[in-house]
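Both complexes shown next keep chain A, but they swap its partner, so chain B is in the first and chain C is in the second.
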Partner chain A sequence: MRSLRASWGRVQEQTWERIPSRLRPIVWFLIAFSVVFINRFDDTWMRMFFLVGLYATLGMGLNVVVGMAGLLDLGFVAFFATGAYTVAIFGSPVSPHDAHLNYWVLVPLAIGLGALIGVLLGLPVLPLRGDYLAIVTLGFGEIIRILALNMNDYTRGSSGLFEIRKPDLGFMVIEDVRAFYVMILVAALAVWFVTSRIRDSRVGRAWEAIREDEDVAAAMGINTTRYKLMAFATGAAVGAIGGAIYAPFIDFVAPQSFSLQVSINVLAIVIIGGMGNTTGVIAGSLILIGVPELLQFQETADFLQKFAWLRDVLNPVIHGFNTVTFLNLPDLPQPEDWGKKLALYRFVVFGLLMVIVMVLRPMGIFPSKRRELEFENPPEAELAASQGVG
Partner chain B sequence: MAGATLSVRGLGMRFEGLAALADVDIEVPGGQIRGVIGPNGAGKTTLFNCLTGFYHPTSGEILLDGARIDGLATHEVSALGVSRTFQNIRLFANMTAIENVLVGSHTHITVGSGERRAPRRPSGHRLLDAARKIPGAPRAAGSAINELAGAVARPPAVRRVESEATDRARRLLQSVGLQRRENMIARNLPYGDQRRLELARALATRPRLLLLDEPTAGMNPQESASMVGLIRRIRDEFETTVVLIEHQMRVVMGVCEQITVLDYGRRIAEGSPAEVQQDARVVEAYLGTRAGTGGGHAAP
Partner chain C sequence: MSILFLTTPEFWFDQIVNGLTTGSIYALVALGYTMVYGVLQLINFAHGEVFMIGAFAGYGVLLALGGQDISGVMIVVALVLALIAAGLASGATAIAIERLAYRPLRNAPRLAPLISAIGVSVFLSHLVDDGFLNGETKHYDQIFPAGKLSLGALNVSYLQLFLMGASLAMMAVLYWIIQRTKLGRSIRAVAESRDNAALMGVDVNRAIVATFALGAIMAGFAGVLYGLFFSSIRGSMGFIPGIKAFTAAVLGGIGSIPGAVVGGYFLGLAETVGRELLNEIPGVNLPNEWKDVVAFALLVLVLIFRPTGIFTQQEGKRA
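Let's look at the complex of A and B:
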């Protein structure tokens, strides 16, 4: 019986485990498609693509901390804010501290400051593990937002900073959504390259070892303090890059953009996508950021219009149900509003999705390559056992 | 370079009233295979935890080749050449066999001089110890950035040390008989192989003192016998001192040159296997709990 269940589990795994490698070409295709036909999409679509790219980038950053090093960080927004505010404070004429610096000078500054704040926030949480770490980092995310709200002399509080200088490439200025999309794509690719190189190095192995068993990692000579701080700094630097690109894009940097919700979105992307796996992070961003945006599009509303008949069919059923049960269920809304309504409730859907994923797929929908590999080398002992007892 | 000498002097470890170790003295000359035996709860694993910096002993001293190592952080002790395996196997479960070994090689996968200052023993004052680290912070940051840059750019020097380490890891897997398990996830390895992998990982740190906590626990007689052969070979090939905790008397008597017996955290006897077997206190300690030789030791 037990072995029967084990082999069923394996069949199930087989189907799932193959997904990341099958998904990869689709993700690449989507990226290529969005670039080749970049002029066919209107601004709303490009905005969605940009946000998906931005969150995928942030996700890859947080993935270093959560997926690779196993440090549950709920305050990732702090680094995103650091990047955005660096570019805004020193690169906006409305800022009290405008340094009249070129955007490209501010980006390395943002990365450096992000990494520094990553280390500073990492220091006090070094001895903490698991839930405690999550709670304290959650606090840090809020502290940064409240600081931004109150340091009026730098941030102009809730009035925010705008007219942020755009990235100037010499031959063109990045102003258009399309240009920003290409920019975030380039950044995402760079981050993907850098993080996967690090993952496959001594550093990445040290992070994984810490994630697996911190004490044993130390017994193997790994200075866990050093590598944890390196993970925080790397993740934070990526977060800051995201912020530095987001600021000139949105052209309004204010505390309300840096709520806990950002941290949660990024974490949800990492978890649902599959910890430690870049393709999964991109897919997670498509699902959690792309789809809710898509639902609010005019095209979606136009399309849903076709389902008006469903309303005619279902509303009498609802009325009937109401008279029988004394409930007072409302009529179905107009079909063109369905998308918007669903998008409104997306956090409910996220929550449900998270719970379902955690129950059914604790390694994420698209777990890391590691698990595929594991499957390609079926454990002989288990195989033998399942054949023996059948 | 032969194995390191280990001196334990007056070692004590208290856990809220319970003295897990009390006034323990042990001298292990370089290159010896020393057995540590004793009934369940005698303090054997606690001794290893003190030796590797997992616990900071409440009294006494630990010296490796004459230098104090008690109070140092675990990774510092490891870098000085103390490595261990665990009674309840603690592999990096979701990493492959070869990755486990490569993590063991961590401190040896370095580019450049890799000069290392002797670690400083903590003063006991937390603030003072923290303050002492501040001057080194810029240097540490610089070397961290350097390491990350090396990982990303992968210059020839980095590639060379990586491939050397991989070759060495393969050889280590081979020497414990796991050459065909290289890419298997550690968690999926059969039990005996997991113990062997732990051994290969410990060897990858290039230990001068190797601590094995019940390396044959849960193994059948054939597996135990081959483990005994492996331990002897390791001592000769890798030139390390070996301290071995063991419950199976056959293994202890077969492989250990000297044996230390612990009971209730105290050293009650020491000597050659033959001497220890005849010692009245040892017999008494064992008879008090269970039959003297061999037999099934229940997992802790």
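Let's look at the complex of A and C:
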């Protein structure tokens, strides 16, 4: 019993206490909020919370690759798709290869396949400079979509796979949005726990060393290729978990769901939230996934009706501007469409934010403490070198 | 060789011409990747979007000059103006990107400029698609004379001849600039060693800006040629040609200018002739959509077996 308590203490020390104290009330609030108010929201809201949780999970996976090991993976959607298709191909009656397997058997299979594909993809490029990984993953993210579209015998092409068997807990079947939300919450917590434990282990320290200086890490006896592969495979496995939960939730697995935009979403969450930091990833997911979804709600449209007068003020200005400049700018749309229009521009904003964050605050908006220190105080060796001592 | 006789020689001739046509577009775009990588060791992910901007600038000029109604000698004028506009627009875009998104990060950890580059790419492609076009696809006016040159049973359309000829001419001019002018010499010096070049009195920033601009002008020209040949253009059009041109640059040995050109033509041929050759093997059937997969598989294979490029002699220069 004592050892159990001691290990719990260590867990608390190394996960909970890593969250900056000023952010802890927010975490408490979110937990209380998600448990207590779960029945107060309608399905649209719960869908948004589910997506935020899903992308937070995916973000934590990519964070291992980008934030901890410093490798740029631009095709994270590939692993997400692997997870979703594994569950769909072997667990849907419409699939030509239905294996009649229980969902809980397919999840470990999905995780294994995700990690395997990660290893196979990483093996040729990880021994090389990091840049090549970026372009190969970018290509592979697109290739997996083309493969899914053309391998009709497995994926049914663009007609997709549906009627995917739901996760059965024995006493209940997870099919309601709320149940899926709780499921993704549990998955997110599990991923958080595992990734933060790895980060504090020997492996995590090796990743950090590789991220900061690969040559020095290799000189210190770290097998860089092996550790980079490990990071890449861990990230891939988490991506596959996300896909495996997404497939029964959405109940329609088709190539069009696995576009480049998924990868960009996840990458933006990690970069803008703060590389290497789980709290940042959750905040990033709330802002980058939650807000655009929120903008498309009926409630938002109703609220925006209050600003209908803006049209009467601004439209004459636009007309005047058009007559002077010979431009043909459109009228301001109806207020109920503003939210949808704004949500449409989300990727324009993401791209811009990624550049701005890199140029002005390269450690992200909510950086990990360690990372922040690195950016503020360059390692002594570098200082010495720049002063001409080294 | 016997497998070749299952299909007619004309078929293979067409495939070769198609391969060389798309290959010349890849080659033009690949030049920008390889030059920027040569001086900064940076994959310029926004280069595909620079190519897209060029395509739209050319489209705008053709539309302004009368679109479908351009005829006679005006065709030549319109094409020249479209190419100039594309070169200027792409060049200006690339200079702005370098100044705002890359230069502040020149001494940052190596992940930072890569992320900034992908941010620029996402921003530009979605700005055009979501901001200006609402997801619409635009179509180039087919102003080019439709005829073709016939040699017995073998045909090449004038458009394809123009594409191949124009890109060769552009590459020749670029090669001359790099090898024979003072500016080109400063670019080569910076690619060799930035610090040493600076010590020798080379204005490093100027050379880097010139590298971006020259590569972007080539990409802008390629954008117009792409529009003339494939007609449909949209904000995200730069993505796949961008990846392929990068593949071409890697095939030829990244950092090497002749390598990028050879790599571009090789990739164009691999996609068409190579894919059809694979189809000659009984039991293999790769439809046209698989050409992207062929290109990508080639990239991975080259990275495994010859990361310095398949045509290079010196080992260990990059990678």
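Definition applied: the second predicted complex is superposed on the first by the 343 of 390 C-alpha atoms of A that agree within 3 Å, B and C clash if a C-alpha of one lies under 4 Å from a C-alpha of the other, contacts with A are read in each partner's own complex, and residues count from 1 in each chain.
The criterion applied here is as follows: a contact is a pair of C-beta atoms (placed from the backbone, for glycine too) under 8 Å apart; a residue touches a chain by one contact, two chains touch by 3 or more.
Computed from a prediction, not measured in an experiment: that's the story for all the values here.
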| item | value |
| --- | --- |
| Superposition on chain A - do chain B and chain C clash or fit | fit |
| Contacts of A:Ile135 with chain B and chain C, given as first, second, both or neither | second |
| Contacts of A:Leu310 with chain B and chain C, given as first, second, both or neither | neither |
| Touched partner set for A:Ala99, first chain B, second chain C, both or neither | neither |
| Contacts of A:Leu169 with chain B and chain C, given as first, second, both or neither | neither |
| Contacts of A:Asp215 with chain B and chain C, given as first, second, both or neither | first |
| Nearest Cα pair across chain B and chain C, whole Å | 9 |
| Chain B and chain C contact sites that coincide on chain A, given as residue numbers | none |
| Chain B-touching residues of chain A, taken from the complex the two chains share | 119, 193-194, 197-198, 201-206, 208-209, 212-213, 215-224, 226, 229-230, 233-234, 370, 373-374, 377, 379-382 |
| Chain C residues touching chain A - in the complex, by the definition given at the top | 41-43, 45, 100-101, 104-105, 108-116, 118-124, 126-127, 130-131, 239-240, 243, 246-247, 250, 287, 289-290, 292-293, 296, 299-300, 303-304, 307, 318-319 |
| In the complex, chain A residues that touch chain C | 66, 70, 72, 74, 124-125, 128-132, 134-136, 138-140, 142-143, 146-147, 149-150, 260, 264, 267-268, 271, 344-345, 347-348, 350-355, 358-359, 362 |
| Chain B to chain A touching residues, read off their complex | 52-54, 73-75, 78-79, 83-84, 86, 90, 92-96, 99, 102-104, 106-107, 109, 140-141, 144, 147-148, 150-152, 154, 158, 162, 183-185, 188-190, 201, 204-205 |
